[in-house]
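Please go over the structures that come below.
You will see two complexes here that share chain A, one where it goes with chain B and one where it goes with chain C.
Here is the complex of A and B:
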């Protein structure tokens, strides 16, 4: 004789919910506590290495959105291109990472940041000053496993270690 | 147990007694409703592995106050084709009876606004008026969801009033009085032990009457937006919300008084016992809300008429027979008997409980 229909089902359910009182909450309180994002995150900005860039424009060709604007001039003395303008409109960018994969000289990266909301559309433009790698604007390990190895391990909501979840 | 009783007109003057207790009851209801809303949100959150409100004040204690402030300054919207007068009146009609209930709830010996000799009858009568207010709210909103919710509310209140009242009669038979004070005074053994089936029926019925989960289909947000709340905003919404939680508080207080021995208990002061028991009952209500899924309207009606109603009749019959035929026996004898009766009856009725001649799944 099964007693699920005779009130046992409800009792079982009640015991489940009361046991949840002792469970640790799964919530991360975002601005104070943060999870580490994936080391290969395709973050919301592009990071550009001015010294390695040859101005070949492969990234701009790879971008099917047309979000990358690059214009170069010819330096006849050193026999190479010089980049005059390098801009990305991250408002159009879909963060597919094709430009990063296309770059033959390891000069373009996706960033590790994900908090890039701006108040004005114009602020979404990244010109060359805003594309330099700094301590705040970190480089993601996307497409570059060597870079990824240096970043902190990703932490998950199911991680039991609270310190791991808080840390950056 | 020595019972500390205050004189019925405690500070010595009728009007002073009236004024003090009227103010005290209003403060008690408003304060406890705020605490209960906070408590429900926190407890429910913990049961769902969340945190709940924790930003406003320590542990989010001021969250209800902040919400109340927000409601006060919000725009009051009345539907263009609604019945404006009724729409305005409905929250008042819903809320006032809830406060009136507390007039006969004994907080401790003698601390009661009016010790009516028909106390529990008064509660049954006055608490049904809330349904009128809610139906007014649903009707005047001129909105299909509001009307649907209000009609479900009236249907459930009318159906569940019967098992609730019948199970109260069992308590009244045991106590030999309708006065809330006398009922508490009679509980040397808490009536939950003497009337386990009555308690079960009363609790189910009360949950349905105050639209708490699993019987919250009058304001089922997944089906009919917010039921009769839908067209309300600002302070009128606040009053309806207050009435809702005031009812939960009232039901907790009534269950405490009728079945858990009211303010009586060892060591702690009586008022603290009363608060503790009220809090415990409310916790059980929240616990059930966190567990049980919502019923359909046909399940709701079937539960009232096919399950609770016959069981309430049988419970009344058995209690009356016990009191009539074995008046001299110690009441402790009835504890195991009544528990056995409860288990047998509930199992039996569950066995034969069917919806739509067995064609609809339970």
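Here is the complex of A and C:
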């Protein structure tokens, strides 16, 4: 291939990279600085509301991995199901959110937390004590718009004015 | 001739070299078994299957809704398009109508996904050309803006699981449209910047112009689709040829290449990003109010029969073929993966070029191994 003025295109391209030197970085230093995650984040745990759950097992049927184990017994006095066992193996869970979507009694939520590294595989196993909503185990707004509105606003890169092109 | 100088004869013989399966330029676990004569490629045989997960078989024991998370894992750079294609197939099979607002949201998501996927495709191609890391990092920065929007809508950045049979899983939040408008205002400027960076770069032109030509006839005959086909001069786009969703309401052009070389494929992708932004602007303007999901039972039991739903994904025609036996799970689930079929052109494109060009040609067809092996 022959070019008439060799090097002009390269110089034009380098002007872009040089201009990037003058911009401020858009990255954040993660463990020290944290951005707000999405209000609908599908976090790393399932949170279960014991009082609202009727033990119907819709969540277990909706799960296509089979990560939710639920067993119930009949309470003949009150004439209703009692949940004996409710466990989730989050090591198998892919956080698709289908169980939360399927729950007809608003008893199942995904968590707002996103750091899911554990030292032991056993720690990924959630039994009913580990599935209660606490101040550390916050609930995400996935499928619950009312809860989503109370969570902090997600920080977006489009709102970030650092690293803007010059003169625009 | 009766001259005294002795002729030097070098006997060359074909030499087989494996490129991959774990090579940075193969974009996944892909092996090219190349037969070389010196540095020239005589023949190339693609070897794949390293990422086979049996997704088609797995889908046959799941209900129609439970398959949607599996389709996320096909082409992991364009999950929204996969979700949409699968839902189109099921809706065709079961005869389910989709509300107007959901159709528009689907178009917005599919076009955003196209931009995000092309940013990776172009960035990885330029990376293969030797523009190491600088362009791809610029493009990843803009992709991040799109992923933020996806995260806001469905809570994940890679495996969205957003589309549902009969609509989308939930309505977009209130802050989505303002953020999308802001993105649409910025994005053309960023694309101009990529153009300034490398469009006229002499090294890139010398390396990619005229390299790896896929002729128009061959492209049609092997069934190539997407930017690979359009770069060869065939204006075939399913959004225009067989409009699905509400694509017949939008104005857009189909960018077409002339030569069918690597440079044309790169140009077509950049132009497609601009066209996608154009569709997005029209879609925001026309976005109606209302429901986002029609009344569909938890367990869908489509009537006995078969259906093929397809769409124009970022990499080409993505199709799902479903056979129903009237039960809650598909009897047969088949994916027509665009990159798998585009790969069949690879050997013809590579023959006669050097090893360094092979990397470039391979990069230009924009492959995603999750989809090829499934």
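Just so it is clear, the second predicted complex is superposed on the first by the 134 of 168 C-alpha atoms of A that agree within 3 Å, B and C clash if a C-alpha of one lies under 4 Å from a C-alpha of the other, contacts with A are read in each partner's own complex, and residues count from 1 in each chain.
FYI, contacts are C-beta pairs under 8 Å (C-beta built on N, C-alpha and C of every residue); 3 or more make two chains touch, one makes a residue touch a chain.
No experiment lies behind these values; they were computed from the predicted model shown.
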With both complexes superposed on chain A, which partner does A:38 reach: first (chain B), second (chain C), both or neither?
second
Applying the document's definition of touch, where does A:10 land relative to chain B and chain C: first, second, both, or neither?
both
Does chain B (first) or chain C (second) touch A:29, or do both, or does neither?
first
May I ask you to name which of chain B and chain C touches more residues of chain A?
C
Now for A:97: first (chain B), second (chain C), both, or neither, which partner does it touch?
second
Of the partners chain B and chain C, which touch A:62 in the superposed model: first, second, both, neither?
second
Would you sort A:159 into first (chain B), second (chain C), both or neither based on which partner it touches?
second
Looking at chain A, which of its residues have contacts with both chain B and chain C?
6-7, 10, 13, 16-17, 20, 26
What residues on chain B touch chain A, complex-wise?
43, 45-51, 287-288, 290-292, 346-347, 350-351, 362
Using the touch definition from the top, list the residues of chain A that touch chain C in their complex.
1, 3, 6-10, 12-13, 15-17, 20, 26, 37-42, 58, 62, 64, 94-98, 101-102, 110, 140, 142-143, 145, 148, 153-154, 156-159, 163, 165, 168
Residues of chain A that touch chain B when the two form their complex
5-7, 10, 13-14, 16-18, 20-21, 23-27, 29
Complex contact set, residues of chain C against chain A
62-63, 65-70, 134, 138, 141, 144-145, 148-149, 151-156, 159, 161, 169-170, 173, 175, 179, 182-183, 186, 189, 193, 196-203, 205-206, 209-210, 298
